[in-house]
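You will see two complexes here that share chain A, one where it goes with chain B and one where it goes with chain C.
Take a look at the complex of A and B:
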């Protein structure tokens, strides 16, 4: 038994047993953030807050949802929406948050790309972040199955069919994933399990890892400048707050984050209360019917760009292109051969690369929503080819980049 | 094995690995389709009252099954099922591209898929668009005027051997 002195306050009592003061220093008051940043640096905490909201609204939906092909549709559209007090609120919050979380993830990603925040010691931040993107995608897809409407069923059918591997015709694998010949009860209950337990656990673990990977290389700054964090921290602690290049994570940086969150939540609740329809596909208000395909099957807006990469090619080529598009962003830190950590505006050709990539993904997103005919087909094909051309060009243009 | 500790380490690691593999197998099996799902996989279709060039859609293993009685002047095909003196086209009604249900356009003797524009002729062969292979013929057995789906009869075995379906 270790020796304990009598504590004079609750804080001291806790500190003796849990080292809460050290913990607070390490995690908050002496976790240093550069000053030279802008509102885009708040997206991480905006994402954390949105995930918290998804968790809370999800818990309330979970109390009335029934994972059974005969009961699921009514438990959502009748019980939760009309009977449960404020059940509609949890559903609309959950749907809007699931959509907005991807908007913020994309902003967060492109901020990282623009400022080179995936290089020179920050590779793991990027990799863990991309793993989060993949698990969030799986989480969104599995959640989309749960209301068991027409879009749930047919999205489930089409997406699980992707695992047949085109000409490999691995239908055994597809049936194994579904637990049935078509999406049925076994399919719904296992995706329910994934959505409410396994994937959220993985997401929470990855968020912890993502924060952990930030600790040693520290957050990047607007100039990509290397900062002597120890020296800057000493200055700050000595009271020379103005001269120091850093601020503590909490309360200083966090208070700014919370301001940005405030602005974000105005948008969030505006959408929740006045424009929730954008996150609710009308086709999904028809119950699932395995003998009737809806006229158009398209994913939610955040998957449209990769869906559009699948579409213009033949089946096998489309699957390969789709597979590459899903994972290619993971390779970004290794395909960017430039030694410079700097905003794209100072990196010559990479600056052009960045904006073409951003515009190309927007074009792919819009084309994914339009019917596959005439000129839209051509634009979609060109945009898909541009996507791959950009990734092939990346190592070449960054290799020839001059050292700043 | 240089020391008792190494031995203990390898023994523990070995047992853990075996147990882990066994657990993985159990997990894989838990995801398999249930026996009741597999056992419910038979459907009997009576085709004695079928009208020519009118598509009937039956349900087998949750999937739509196209049953199309051919008229005398429609092209015969190796994959036709012969019941009495009539020829039938029977296939799983899911587009071989990504699994949407094509619609039958009787005037053109074609199946058209709304999802990505694929087309099949009245014998289920792909004739336009992204589908990479013909509509699949489900396992069947002809029994008088009935077709039993899910049971592989001699005609089906012949088709399978000839590579006409998967």
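Take a look at the complex of A and C:
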């Protein structure tokens, strides 16, 4: 064992055993962030905070929720909403946070795309982020099953049916996933386990990885400028904070993050108290009924764009398109052939590509909720084709991009 | 300010997204039914009948029948309007009411599908024109005449043999309005208007009313059997057991509930649910009760909400000052 001196303070005692001073330096006071950033750079911490809220509210709900097809609906809508003190508050917080977390994820993603934060050296940041998106999606879907209302049941039916693989007719696989011919008790308890244990574990692990991937390439900045972080850090430490191009994570970067979070929480709690309907579909307040299909079945808003890519095509083609859409964003760092790390506004054709992509995904999202009839079908088909055309065009337009 | 410009762009796309998936999508997804303020003059019924005539003419099937129904409805609601203008005599109506009390009494058994409601608050709970229409022809008034080839087959069909002239109808309605308009609680309004067909398990009521507490399991079980028997009768009458209404206020929008209760056929053509004819004040009480049971956190939300938001406004202001302090000299 190493030799330990007598410590003169708690901090010193801790430092001898856990190197807390070094940890604090490495993770906070000497973790350097570029100075040239805007409030969009706070979205990561906003996401972390929202995930924290989901975790805490989820723990409270977990104490009273009953994963059983006969009890689930009433445990949520009666026990939690009526009998548990502030149960309604935890539930509304959980519901609103589950929806808002996707809004922030999309803002975070499009910020990354706009500023080229997935480029050479930063591919793993993008990939781990996209894996987080996928696990959050699975987490959202499994959570949506738990109240066991009409939308839970029918969304569960529709999504698990996708695994039959169209013309492959792999109904055995679908039954294997459900543990039954239709969504039932085994289905509910499985998704309950996924929602409260396996997927949150995976998410926490991926968040750690996502933070880790930032360390070496560092966070991007508004101009995509390459910064000599060591030199800039020396300048900062020498007191030339004005000349230095970096700031420490704590307290300088964090002070701005906390302010942005404060503003975000005003919106968050406004929605929680006065406008939660958008995050808690009325149809799901009808108990699950396998004999009564709702007039409209649609996913939550954050899945609508990929749902609309599935819908306008024939069965098999739709499934393939849907499958590609789920993973295509992972390939972004490799399909963008331009060496430029710069905001889209300085990248010529890519600038146009970015805005068309954003608007196209909005159009897909709108069409995904509307009933598939008449003009909506045509618009949906055009938007879905545009989506793929954009991905095919991406390597071509970025290859010919002028070097800045 | 570049940051404000960026914030503007993000806010614009967020609001646009919200508009597209919420107000716009819902306006396209649901049939719009206009409300008519809980007045009953047959406008909706006549319009529905006219639409059915047009449909029949298009397909060439049962045109005569559709035309006959439309004509009958027109005459019926014109009669109702005429009776409504007669001056009713409450004293004379009291004698007529004695006939009603033969079925409408405390502890009445199920008759032809439902338990006849008590009428202690009928004058306040139901609209005047509706009461007139109901006494004249219950099937037509509740807009479920399509279920009965012979109006006498309606559980309350025999009423037409009790009140045969317009004045007697005007009198008994005047009596109900004058003497049977006692103040009622929200729960009483719900029990009388909805509770005879719809259970509400979160309020521990069934089609038989409030479920009592029992000392012995045996008594509890035999009461459960009574509920099941009553539900079977309602089921036989309605075709299916009407849904439990515990969460209905959150499962349907306010506008849907209002327009559906006014005229169920408007949203669900062919539904066996009768129009119950509640007055505006009567419906307000029913709605208050549905909210109390289905959305009990509403008062708490409204009480706490402003404080939580205020907290974060102050939090943001302090955070802004802290940020300013930390970034001083950095630019």
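Keep this in mind: the second predicted complex is superposed on the first by the 404 of 404 C-alpha atoms of A that agree within 3 Å, B and C clash if a C-alpha of one lies under 4 Å from a C-alpha of the other, contacts with A are read in each partner's own complex, and residues count from 1 in each chain.
The definition used in the following text is that a residue touches a chain if its C-beta (ideal position, glycine included) is under 8 Å from a C-beta of that chain, and two chains touch if they have at least 3 such contacts.
Note that the coordinates shown come from a computational prediction; the quantities given were computed from them, not determined experimentally.
In the superposition on chain A, A:241 makes contact with chain C only, while chain B stays out of contact range.
Chain A is touched at more residues by one of its partners, and among chain B and chain C that partner is C.
When the two structures are aligned on the shared chain, A:127 is found in touch with neither chain B nor chain C.
In the superposed model, A:88 makes contact with chain C only, not with chain B.
Of the two partner chains, chain C is the only one touched by A:369; chain B is not. Touch criterion met: A:358 reaches chain C, while chain B stays clear of it.
Within the superposed three-chain model, A:279 lies out of touch with both chain B and chain C [touch as defined at top]. Look at A:270: by the touch rule set out above, it reaches chain C but stays clear of chain B. Once chain A of one complex is fitted onto chain A of the other, the partner contacts of A:158 are limited to chain B, with no touch recorded for chain C.
In the superposition on chain A, A:175 makes contact with chain B only, while chain C stays out of contact range.
The residues of chain A shared by its contacts with chain B and with chain C are 295-296. On the side of chain A, the complex with chain B involves touching residues 154, 157-158, 161-162, 166-167, 169, 171, 175-182, 184, 186, 190, 290-293, 295-297, 311, 314-316, 318, 372-373. Within the complex formed with chain A, the residues of chain B that make contact are 28, 31-34, 37, 41, 57, 59, 61-64, 97-101, 114-117, 130-132, 166. Those residues of chain C that touch chain A in the complex are listed here as 2-3, 6-7, 10, 13-14, 16-18, 20-22, 24-25, 28-29, 201-202, 243, 246-248, 250-253, 294, 296-297, 300-302, 304-305, 308-309, 312-313, 315-316, 319-320, 322-323, 325-327, 329-331. Residues of chain A that touch chain C in their complex: 35, 38-40, 74, 77-78, 81-82, 88-89, 92, 103, 107, 241-242, 247, 251-252, 255-256, 258-259, 261-263, 265-266, 269-270, 272-274, 278, 282-283, 285-286, 295-296, 301, 304, 358, 362, 365-366, 369-371.
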